[in-house]
Amino acid sequence: MSSSNKFASVHYAEYLQLDKILSAQSLRSKALGEPAHDEMLFIIIHQVYELWFKQILHELESMMAIFDQPVIDERQIGVASQRTERIIEIQKIMIDQIRVLETMTALDFLEFRNYLIPASGFQSFQFRKVEVMMGLKQGQRITYNQKPYGSVFSDSQMKELENLEAGNSLAQLVGQWLERTPFVKLDAFPFLDQYRKAVEEMITAEREAIQETGYIGEEEKQIRLKMLDGTAEFFQQALSGEQDAPDADETLSQSATLAALFIQLYRDEPILRMPYQLLTRLMDMDELFTTWRFRHAQMVKRMLGKKIGTGGSSGHDYLKNTAEKHEVFRDLHRISTLLIPRSALPPLPEEVKKTLGFYAAH
Amino acid sequence: MSSSNKFASVHYAEYLQLDKILSAQSLRSKALGEPAHDEMLFIIIHQVYELWFKQILHELESMMAIFDQPVIDERQIGVASQRTERIIEIQKIMIDQIRVLETMTALDFLEFRNYLIPASGFQSFQFRKVEVMMGLKQGQRITYNQKPYGSVFSDSQMKELENLEAGNSLAQLVGQWLERTPFVKLDAFPFLDQYRKAVEEMITAEREAIQETGYIGEEEKQIRLKMLDGTAEFFQQALSGEQDAPDADETLSQSATLAALFIQLYRDEPILRMPYQLLTRLMDMDELFTTWRFRHAQMVKRMLGKKIGTGGSSGHDYLKNTAEKHEVFRDLHRISTLLIPRSALPPLPEEVKKTLGFYAAH
Amino acid sequence: MSSSNKFASVHYAEYLQLDKILSAQSLRSKALGEPAHDEMLFIIIHQVYELWFKQILHELESMMAIFDQPVIDERQIGVASQRTERIIEIQKIMIDQIRVLETMTALDFLEFRNYLIPASGFQSFQFRKVEVMMGLKQGQRITYNQKPYGSVFSDSQMKELENLEAGNSLAQLVGQWLERTPFVKLDAFPFLDQYRKAVEEMITAEREAIQETGYIGEEEKQIRLKMLDGTAEFFQQALSGEQDAPDADETLSQSATLAALFIQLYRDEPILRMPYQLLTRLMDMDELFTTWRFRHAQMVKRMLGKKIGTGGSSGHDYLKNTAEKHEVFRDLHRISTLLIPRSALPPLPEEVKKTLGFYAAH
Amino acid sequence: MSSSNKFASVHYAEYLQLDKILSAQSLRSKALGEPAHDEMLFIIIHQVYELWFKQILHELESMMAIFDQPVIDERQIGVASQRTERIIEIQKIMIDQIRVLETMTALDFLEFRNYLIPASGFQSFQFRKVEVMMGLKQGQRITYNQKPYGSVFSDSQMKELENLEAGNSLAQLVGQWLERTPFVKLDAFPFLDQYRKAVEEMITAEREAIQETGYIGEEEKQIRLKMLDGTAEFFQQALSGEQDAPDADETLSQSATLAALFIQLYRDEPILRMPYQLLTRLMDMDELFTTWRFRHAQMVKRMLGKKIGTGGSSGHDYLKNTAEKHEVFRDLHRISTLLIPRSALPPLPEEVKKTLGFYAAH
């Protein structure tokens, strides 16, 4: 290819293929009855969502390619983190965009709703791909009218979803990367032992403080001591080191979870900065999909009340149920429960600190 | 008071009483231990929330004063609607503001969390007032650690909440106003009868269409016919005119509900425009409080994991449960279920249309 | 068409023509060199913008059809107002969406920027149509590299823009509607005379108050008196009733401006509620396009610095200059300057009040 | 201090000093005349702004403490970056919050505006501190009614602002840190020389491509070649290495600018990740203050039209002028102009790459 090709002129409309994009709105109300003014919005906003899904898939694919390597160059963690940042900004738009659709009232929707049956957002192939690539497994899904979610797709689409699900999801790839991080088992710093000890000390100190204080009544004291017992038990179990059979809804192995805990706790160390940021943003992504499903459920309630969605489901309940249940980084969210204050943290030995710093600093 | 007083100079700082506002941040971490950088944010953002609650109360009070009249001047409906618009914009900020708090990580929160016990957002007196004034009743509340929500307040505060709850809430006042609207029983237009007939015709037409179409399989047909039966039954019950014992979670009487339905259906008539807008915005307010509780729950999960809130509750679950359960305009939300397409609406007789129009137009 | 057609099944992907929508992204970097990851975002976000423009045009067209009538049914003012509400929500998304594009850094943009020449947002035909339909006139436009804005379009597109510009814009149609409103010249209430008198009284009272007050120094007094003189002169000129030659940047005639002033002042009267809301939202739309251009300018600065846009212009300066200059409802914005406090308003005679109220209230 | 003190109970209302916060709203309209409903909003929203300013100052102070060190621990760059993230989220709220104030109409404002004279946001001491700490210098300020901005403050406040301005601002401290970064003068990699050569090659290649292409006409060719000459000249001057007298509006020295350029270009290297993120967010902060001023100007126009602000200025023009002029990281914004595509970048020698990586990776 000659370099002059680079300068081949291109017009905005041609570059964006606007002939396709802007000719893809056919009102069924117009074809089959009276044109309904608001059907245009209904079509366009769903097309916009599909464009955003395509962009999210583009980012997810590139993130999965980064993590699907036996050794991951540190430079790539920063790149992956930036990709999550973009997905996050898109998700915020996806959520706010619901306000645009809410300018269509229930009464206006009824003008063309009958023409759409059984089309439904439940048939968005791209969104299912997003869920599967993130790490949502068939068994974890809320079912919708008792039908498997794939039944609305063509055979080739179902095949594609099955293949995706059979392979590693982003959640799994991130888990494997966490398992490989060497930090937790550093020779110079037996993290798990030290952390367990720090937790015990912290709990003992709190117990004494509660018992000695004169500021609160006896009943209150007993409540607090009981709460403390609960916390102690939880820590003990989580840090036991025993590989208990993972709960159905767990996605990270215990060693991956411990690595994530280590990253959270010592995030200020240079080498942990980007991993920490990445983990945080993965949780953001999860949370934002949850919010989107929740807002979507609200919108459906307003639009349809108790009526049944165009796809035949009671959309509100389905969406509301999936909201939090379809999160995939549940174990990362749980890590907060295992944190102790920085001041109670076992300090990193100088030798270890050096290992976690930059070469130039030595 | 002499008119010249009007021009008494006032300085910005004095007008806003910034001496009070800006001296009200005392870090407990500083007083009792090591200053924690992030405690400042924790204090300030909660103060900001309380200022917004004060503003919302100011608007709610003025709205309740408008509706607490035997006869309500039409001019006042527009004013009330504008007040809701302001509350809505504040609620959006309240929701988005959670992002600011989310810049504080779980680890940073742990630095000062112990100093706060048992302070908790659950102790916000103003927010309870907002809920009660909106129309949330004691019996409808999700309980929190089995304790009545009022137990964290002083006697005089509890008294105030009880008095508020004993009086008419905004939801009740709006309900009474709807009951008084004359539209549904207009002599020239027996709305309920006509509407029932329109619904029956619509359902019959749909049934025939389904039976006759060759486009869908037999199984699909049966599913749709069953769905249609469900819809028919629902309409019949709702429009029966029998005053069934209201469900525990209903706030509007049947006649208020029918008035709201009438307003929704014939909203384009000039006299119904502002009432329609008002009802829509009341639902927006409900929905936005729900979203706020939901986002709040997400934030608590991230901050505390499974640990117990500073007030001793498992905050995430409590907040998540209240999210939708604490809505007060549930009956308005349900009206969507009772709508039929504009094209199937019984047309208003000219005589009635005139009644719903402007004087100047005649 | 048989009614059973209504129930012809349609699949989500087919309804949304996703085959077109999702196949319209061809990376030029891939075709002509190395694929640049971020080019996908660049294409998709611009396609999303074009979809939103199409929706805005759909709403503008329907609004113009409403106002392009000799007599406008009051019902239609509410409809038009709802259309503006939708445009406003879309505009907010258009502004926030810039954050998504800002996740692409200048360095990443450079990877494919050369392939785009001379494609540029300046070539968006739909956005030019939006501007022209709103009311932006050729003579009012900031030029861009000294070339007329139409030179980048095909002959048929230029013809279309010329025809649009030759016809009535939304701003002109709204102006004509305002001119026809009868309120200002109501026999029972000579608005202009009374208002002029009210303004004079208000200014006299303020002058006395300033002169008499002992709270401020002599210098301050003189400043305030001078400011008051300026205000007085401005009012006098604006309310003179003389039809001065309209400034180049005026879009409303004086009688339209007075009608808009009347609507602003007596907005609480039922018949003026919806007109008031409509005027407010038209200003919102103007303001939001301004904000969008401003944010767009910021983004271009960040992406390109002082380099020249792909269309050959110094995009930042062009966009920044158009931001406020391209507003079309400038006269509505100016009305704030002509307001006086409600308490100083000439009260409407009972007879007039009746005229502005609902038929049912009599 | 005994440890049991830690568990001294504290109530939410007491902790937040709500007695102060919620008793600081005195309506002047009520004290001096008729209570104006909307004055409450006016007071509360300004108090909220002041609370946010206090939080921003808290973050800025901690950032300045980090950079005001001869040697800065790499761990601290990450901390500083997180502080900017918080400021950014607050700024977004500050901008969106203007919508809340816009629910107050011009007419409603007039009800109490006269009571406020001459109070004005121009008198916000905290906001001036924010500007000065960021790096805005007296000489760079747009004046307001020809009066120095400090004249509205008390002597002690003026003294404080002068001292702040005499010391190092955040912009200066960041500049000094950039000057100290060793990257640009790495022995193994003479960055400036190599970069200059890469730029020359890139420009030569582009010139040839333009001359050889048959796709564009002669006139178009000449325009592009001229644009290219401009670019070449700009690069030559910027990379000359001569320390030209800094323009009045420059805040970074040339060596700091080069360091920032190096960071931008090689951001993927682990050691440059956090510095890159920090610089990006400083630009975000600048941009968001600009947007806030711009939106503030829009709001003032809507509220007051051409009338003069309560502080006696024509607020809209003042605010609009300051919007971009008061940016402090102008040189960072300009760096985009000096970027070349990654593919044309001089590759870092392996030795240098190692230096910019983690110790653990060796």
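As written, the chains take the letters A, B, C and D, and residue 1 is the first residue of each chain.
Basically, contacts are C-beta pairs under 8 Å (C-beta built on N, C-alpha and C of every residue); 3 or more make two chains touch, one makes a residue touch a chain.
Owing to the predicted nature of the structure, the values given are computational and were not obtained by experimental measurement.
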Joint neighbours of subunit C and subunit B, given as chain labels: A, D
Higher-contact pair (C-beta pairs counted), A-B versus B-D: B-D
Distance from the mean Cα position of subunit D to that of subunit B, given in whole angstrom: 38
Whole-Å gap between the CA centroids of subunit A and subunit D: 31
Whole-Å gap separating subunit A and subunit B, where each centre is the average of the chain's CA atoms: 29
For subunit C, residues contacting two or more additional chains: 6-9, 114, 267
Interface residues, subunit C side, partner subunit D - complex: 34, 105-107, 110-111, 113-114, 206, 223-224, 227, 230-231, 234, 264-265, 267, 280, 283, 287, 290-291, 294-295, 298, 301-308, 312, 320, 324, 333-343
Complex contact set, residues of subunit A against subunit C: 1, 5-18, 20-26, 28, 32-33, 37, 40-41, 43-48, 50-52, 54-55, 58, 62, 82, 85-86, 89-90, 92-93, 96-97, 99-100, 102-104, 114-126, 152
Contacting residues of subunit A [partner subunit D, same complex]: 3-4, 6-9, 74-75, 78-79, 182, 205, 208-210, 212-216, 267-271, 273-274, 354-362
